[in-house]
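Chain IDs A, B, C and D follow the sequence of writing; residue 1 opens each chain.
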């Protein structure tokens, strides 16, 4: 049997597009799509964020929560929360976006480190029970991702999953 | 309860890309994606057929069968099986394609009429039990279609579905 | 000095989208863009013909004449004039299109052979004096082609060009 | 006779991708393509800047000079030179880029005001004599722009142009 592991909690310094902070625990019961990006990463702008926006539009809000995470690991002075706020406005990003908390030494922010992301864009799928089920770095085809998300939406409540990896 | 209706059998004059004729009955147990097209329909060439090819590549052959159906309802002299054969070769269509059987009076071929398709491209989703579950005319976003197909792949075997609408 | 050579006359079996046959001689005074294609050539459908249509829309009819040439060198039974007529209708090709005259032995039609084209799509630029000035096989970027066409449009009437290569 | 007017000099606070400041006067003799943009303007990122980069690659450096101009008229705190530097690095912009000098009252920078630009992206064509010949706001098709640039490249030296509008 494959044991499933809980997705790490995220550490967010500041939120946009939401009135109050969002936690993985509070989203339990929904499939969570976590889109990690940097505002000056070309592949995030042309590919990752539009994909996240399509997911946000396609699936019901009760089934799927799309969360952006600004994981700045380079150009820290250029990609500040002030710049991010203007970016989100200009690109009309409507889903909640958190700013990943500054990390210790190497410039990698805390949540990005906890998830061991390889870079941006990275997309993480978390099931209704809070388990990390997939993590993609770079381009993900819509057809495949639509299938992966639906597989988690319709997943029956398995007794062994809720017990595993906690 | 929604009663589900059986997808109409298809009437095919000639097959390409398969050694023997394919029937819906023989595909029972798989999700069937039926892509109805005409070789000289621009939206089929730019949109519908590439989508069908992506489905063919993305999902396992044991789960999903992609079937093309050449539903010629105009330009009959131009879209002959001879022309279709060259078209399939040039566009490297790898999945099985049937030529819809000529219809009675109005130029609409038989399967297209039985499915009451509005035009081409039309995409039909048929579940593992042979029930028609969705039919789309025109563009379908990959993300949504990936989700719809996966919903049928993982569908549990319901006792009431097999009895309904037959 | 570069000597310029006259573009070969084209041999056309049948014309579409023009009331009377077109000859290079009759187009003298205009820049001629000759787009050689096959209706079942994917690169012609997705790239070459839309480019030719954009040229047709962008430049004045007194400056530039866009001429399609159906140079069938394979799948002769599939790409008949009957099929071509439906193709031109469905793809809304508005510029004149000639069917290249069947060739001698190897299936290469006569004009395609005279121009020594490597395949389809091929785009030939002919100046106001009837000299062939450029010939491209495959994709040509719009920016570069726009520049090449304009260079021929504004070309001053040089005394030596009219004398060379005839 | 159309009188041609000199393009306004640009006021630049800081340059990137050039060792020394660039002036219109020093570029006399070349066709100048001035691409005015903001780093957080989606249409600039997806459309205007890639077009400028294609122009930079397509035409000879002795014929055409491509100059970017960062005309920040909104989100001034977000689109600082520090952020711009990271942006130019990530998007691999290779041509010289100047930061338009802060304006007086309404947030419009000085060069943008002098050229009376309507917004970003704006593309200005300046001929070899320093006259402004075209100014486009928003999308410009490659084919048309290639033609416009070439028309200026090959333009004969007219006696009346150098005298007009100065």
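By our rule, contacts are C-beta pairs under 8 Å (C-beta built on N, C-alpha and C of every residue); 3 or more make two chains touch, one makes a residue touch a chain.
These numbers come from a predicted model, not from an experiment.
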Chain labels contacting chain B and also chain C: none
Most remote chain, CA-based centroid, reference being chain D: B
Numbering shared by both copies at the chain B-chain A contact, with half separating same from different: same
Mean-CA-position distance for chain B and chain A (Å): 35
Chain B-chain D separation of Cα centroids, rounded to whole Å: 52
Whole-Å separation of chain centres (CA-atom averages), chain A against chain D: 38
Per-residue overlap in chain B, given as positions that touch at least 2 other chains: none
Which pairs of chains touch, using the document's own definition: A-B, A-D, B-C, C-D
Interfacial residue positions of chain A with respect to chain D in the complex: 40-42, 45-46, 75, 77-80, 82-83, 85-87, 89-91
Residues of chain B defined as touching chain A within the complex: 54-55, 58-59, 141-151, 153-156
